[in-house]
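A quick write-up on the structure given underneath.
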Amino acid sequence: MKARFARFTALALLLCLTAITVTSALAQDTAPPAPVQEVIAEDNPNDRGHAVLVRWHPSPDDGTTGRVTEYRIYRARCLPGVQPEVAEFERVSICSPALGVGAELDFVDVSDEIENGIPYLYKIETHGSAGVSSTIIDEPVIATAQWFDKSRLTMLIAILIASSVIIYWIQKAQGNTNIYLRPVAGLKAFDEAVGRATEMGQPVLFVPGIMDMDQIETLAGVSILGYVANMTSRYETKLEVPVSRSLVMAHAREVVKESYLSSGRPDLYHDDMIHYLTDDQFAYAAAVDGIMLRDKPAACFYQGKFYAESLILAETGNSIGAIQIAGTASPAQLPFFITACDYTLIGEEFFAASAYLSNDMRHIGSIRGQDSIKMLFMIALAIGTIYVSLACLGVPLPNWLDMSLILDVSGS
Amino acid sequence: MIVTIGIWCAAFLTLAIFSFLYKDNPFYRFAEHLFTGVSAAYWMVVAFWNQIHPNLFGNLWWPDWFLRKWPEFTYVLVDEVHVGGEILPGNALVDGSLSPEVLASAELVNIISPIYYIPLVLGILFFTRLIPKISYLSRWPLAFVMGMAAGLRLYSFLQSNAMMQISSTVNPAPIMGQGFLAWLNFLIVAIGVFTGLIYFYFSKEHKGVFGQLSRVGVLFLMLSFGAAFGYTVMARISLLLGRFQFLGGWLGGIFGN
Amino acid sequence: MLLKRWIPLFILIFVGVMTLISWFVPHDPIGGLGDNFSQFFDIIASFAIILGAANLIKLQGSKIFRRKRNWQYSIVTIVGFIITAVVGINWHITMGVLPEGFNYIAGPHVNQATSPFYWIWWYIFTPLSATMYALLAFYVASASYRAFRARNLEATILLLAGIVVMLGRVPLGQMLTNWMPDAIGFLRIERVADWIYTYPNAAGQRAIMIGIALGVVSTSLRLILGIEKSFLGEE
Amino acid sequence: MNIFARLNELDRRWIFLMIGLSVALPLMFPFSQPVKVSPHVQSVYDALEELPDGSLVLVSFEYGPSTMPEVRPMAKSLLNYLFAHNHKIIVTCLWPDGLFMSREILGEIAVDKYNLEYGADYINLGYKPGNEVVINAIASSFSVTFPVDTRGRTLASYPIMEGIENLTNIDMIFSLSAGFPGTVEWVQYAADPLGIPMSTGCTAVQVTEVVPYVESGQCRGILGGLSGAAEFEQLMVDMGEAEELGAANSGMAAQGVAHMVIVLFIVVGNLAFYVERRRQRKY
């Protein structure tokens, strides 16, 4: 009898407990989630205005349970005399819940509908499986434009330092002719290549890359073309320059014409030396391949910005036995030029080439300036390496020694 | 029918280009010349419809009768169609939702940006190259392009190619607490970048210690070139696979396999 | 002299300086200048293509008239150009029957399966591009055969890095070292390939990139300072 | 001339022939090589398996003709799987070429194989310029971003779009990508902010860029390059979803043989070079 009673009591207790748990769980699920906390709307910094930054701490119910499904952000123009509760809110975004990670959420509302200098109200709705709770930010926010982007201060300083160093050396070089430049193998070969083409009575082919004038590489390539044209005019060798951009054609014609004029052979110059083929990468490569096989140039120059066609050109040039000199700043194409060409100007060497070839002291000065900046970078690298190594050993170091923070311009 | 002709045409052109591997021949010459002509026109057409038409014409002023004359052409230039208090997008001119009578009474709104007369003028100036007497005016658009390139690239290269690269080389976050090997890898990268920069140092003779360091830099560059070469081979073979698969499909079509 | 030299030089310096400033000043009207200028460049370049095409046609035409070597092929270029240009610019030309309810759309007609322009793109342009691109499979083989020779230390390193990465990327290559026990698993070829690619390769690439950045900075600066003005001629 | 000297001066056309054969023969006579399904590919499959039948999947095409050999086999396996499980598909293209790619493969699978109804079972919204801005725009509305589909009709006229307002109504995103804009942008602008499960298939070159997102869980698995596609095909066969292996597997065999042939050539070339140099030193 006793045992039976005990069993009954236990069962009743268990039932009660289950009921309580279930009802409380149900009650919890029927109530809307708690609203978000510490909501702030402010002008988004460092921009042209027309943007507002909204920040908030997630609702206390926002966790792994999935009680909060999303946050909806609303914006309304703040009109005088109209209560925030009845303002005409318009939805601007939906944000996913924090799901227990991340202390603060934010959203930047960028829109031309936001006028600078006019107050706006924001509202955040916390949506859950069991309802919605909304929070209106009482304080109106005004978007404004800034005259200086503070996030780019590091870049401004870097540009100022780099420019002043280079300008300093350009100035200094003009008065002083003693600047040593180490030899660059590919550059010495320029004369040799044009000379060989002259001996063999065959033309020189120059490809200034396949990109347009908005790439500095193309400009550097066309400058180099100027010096090659100077050599061909003096040697009276035929020069052929197929291009894939019309603007490059115009620019190259001016430069080559100028070279022929300055070496006193304007009679040898004619516009058709530089001719347009097509804007298309592979059609251009196909056509240049054709030119190579039919005109058999004895020297091929590839100086500019290249993509996959680099190896198509260089292998065809190799098969006709031409001396090939490449120069490019496209890191992905350097391996192909290095394997298939006789000489390759790698990266910075390519940019330095026009200074070497021109013997213009101002150019040489700017190379010296580049070296000084390089030295600064190397010092930063050395300090950074030591910092990281010591930090790995657990040595406490001040933050201002961390080069990765000082040079970090990822947000710019 | 049109599709069959197309596939035969594509197969012929594919084989014509491949024949170049053996030697230059009339088939390759034909394909090459066709390619040049077609692609030059292709990019001209694409530039017209993707740049000049929407981005230039779309920002200029046009008389109302012109906007109504060729709606298939001008609907891109029209920003809004106002019909009885309703604002519709320019599409309404051609999507068939409005009857011609309604359209005739609708107001076409074309928002103009006067600043776009600058590229129009510069673009036209470029055509002065055709008139030798004033061809020097074509230097103006060239000067514009070069100025823009200089201002744009100076910043972006210094930022992403120089500062960011050094900053991520000496970033302690991924190495801290990862043990000795992580630090060793970090050191290898740091030494590689440092000696590589020494190789690019122009104004000092590469002799002695400096020369030795520069040589180490060259080794790093070579390693990187070799790796990049090997890495790319796979993608290149895939391209060939694609062509062979296409030819296989074509042959399969012929022999009904 | 003013129109030939000083105005272009002024345009170059003014545009260069304004573009540079626009990176730092977000306020209208300067903030958007960089983007505006890029857009202007695209428009100017689009105009220029027309002139380039005219140059192509002129040159090929003169080849035909003067009966130069291989002049017959120049006809192919000109015909190909004209047909593509006509079906591309004129949006009324279609092939076959249009799907029901379809409306002409200027420009994007280029994307419609019924337009002959699309046909040219898909059956002429694409196979030609793809095949030219595919030639690279042959060229990487011949270039590596010729250049990957252990002539000296530098060439040997290039060679070894190339081979290891090449083998490490395919199962057939990975089978070479699959026998290795896990204890020395880090020596498996795919692991070594990964390591080379992630560390020493990154170092080399970074050194090159930094050098390039300096080259670009100094060339851009010379342009903005008006030192590099070869395009102006001397006259 | 001895054989080594001749090898040193080998006509490169012999190399071309060997490369051509090493790619063509495995394609013609496919041989099976052990394909081990990697965890990244397995998690793509797991993510797909979690979808209840009849889900709405957005498939985005961001590749072109040149990357077709790598990405197309993935697209084929994926669409086969999705249609076999009665999922509904919305196709978008962030690359202009992607439109042609999507049209071609939908024609093969949706029309020819499954005989599905356009507008009810799948819809192709087509290409829209603007890169990541397009993703941002469809996060708030499909019909504003794409006023009409590729057939020139408004989206509202199709049953598949009923009640579908924006990306939040989508059950899963799958990006088939070969560069920018592509997988990374879908993660950053859609999957992450909106919390939509997503997965990807991309070219081998892109893998290094995408893997961090996979490892952090922002992207459910990855099919990387031809080998990823081959593994996915293998998995489909193992799971009984497909009857036979596809183009990726035969491609992978060809790829492997071609790599071996190139390496062999390099080794032979070096041998010849070494012997020749020693011979020349002797004299």
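Going in written order, the chains are labelled A, B, C and D, and every chain counts its residues from 1.
We take it that contacts are C-beta pairs under 8 Å (C-beta built on N, C-alpha and C of every residue); 3 or more make two chains touch, one makes a residue touch a chain.
No experiment lies behind these values; they were computed from the predicted model shown.
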More Cb-Cb contact pairs, comparing B-C against A-D, go to B-C
Per the centroid of Cα atoms for each chain, what is the distance between subunit B and subunit C, given in Å?
-> 6
Using mean CA coordinates as chain centres, what's the subunit C-subunit D distance in Å?
-> 23
Report the inter-chain centroid distance for subunit A and subunit B in whole angstrom, where each centroid is the mean of the CA atoms.
-> 15
Can you list the residues of subunit A that touch 2 or more other chains?
-> 155, 159, 162, 212-214, 216, 219, 247, 250-251, 254, 277-280, 282-283, 286, 294, 331, 334, 336, 338-339, 346-349, 352, 367, 370, 374, 377
Subunit D residues counted as touching two or more neighbouring chains | 12, 16, 19-20, 23, 65-66, 152, 204, 255, 258-259, 262
In subunit B, what residues contact two or more other chains?
-> 17, 20-21, 29, 31-33, 35-36, 38-40, 42-44, 50, 95, 126, 129, 139, 141-142, 145-146, 148-150, 152-155, 157-158, 162, 166, 169, 190, 193, 197, 200, 221, 225-226, 228-229, 232-234, 237, 239-240, 242
Taking chains as nodes and touches as edges, what kind of graph is this: line, ring, star, complete or other?
-> complete
Subunit B residues touching subunit A in their complex are 17, 20, 24, 28-29, 31-33, 35-36, 38-40, 42-44, 126, 129, 138-139, 141-142, 145-146, 148-150, 152-155, 157-159, 162-164, 166-173, 175-177, 183, 186-187, 190, 193-194, 197-198, 200-206, 221, 225-226, 228-229, 232
Residue set of subunit B touching subunit C in the complex reads 2, 5-7, 9-11, 13-14, 17-18, 20-21, 29-56, 72-73, 75-76, 94-96, 115-116, 118-120, 122-124, 126-127, 129-130, 136-137, 139-155, 157-158, 161-162, 165-166, 169, 185, 188-193, 195-197, 199-200, 217-234, 236-237, 239-240, 242-243, 246
The residues of subunit C that touch subunit A in their complex are 20, 23-28, 31-32, 38, 41, 44-45, 48-53, 55-56, 59, 69-70, 128-129, 132-133, 135-136, 139-140, 142-144, 146-148, 158, 205, 208-212, 214-223, 225, 227-228, 230-234
Can you check the complex and tell me which residues of subunit A touch subunit D?
-> 70, 93-97, 319
Contacting residues of subunit A [partner subunit C, same complex] = 46-49, 145-149, 152, 155-156, 159, 162-163, 166-167, 170, 212-214, 216, 219-220, 222-223, 226, 245-247, 249-251, 254-255, 257-258, 261-262, 272, 275-283, 285-286, 294, 308-309, 311-312, 314-315, 318, 329, 331, 334, 336, 338-340, 346-352, 362-363, 366-367, 369-370, 373-374, 377
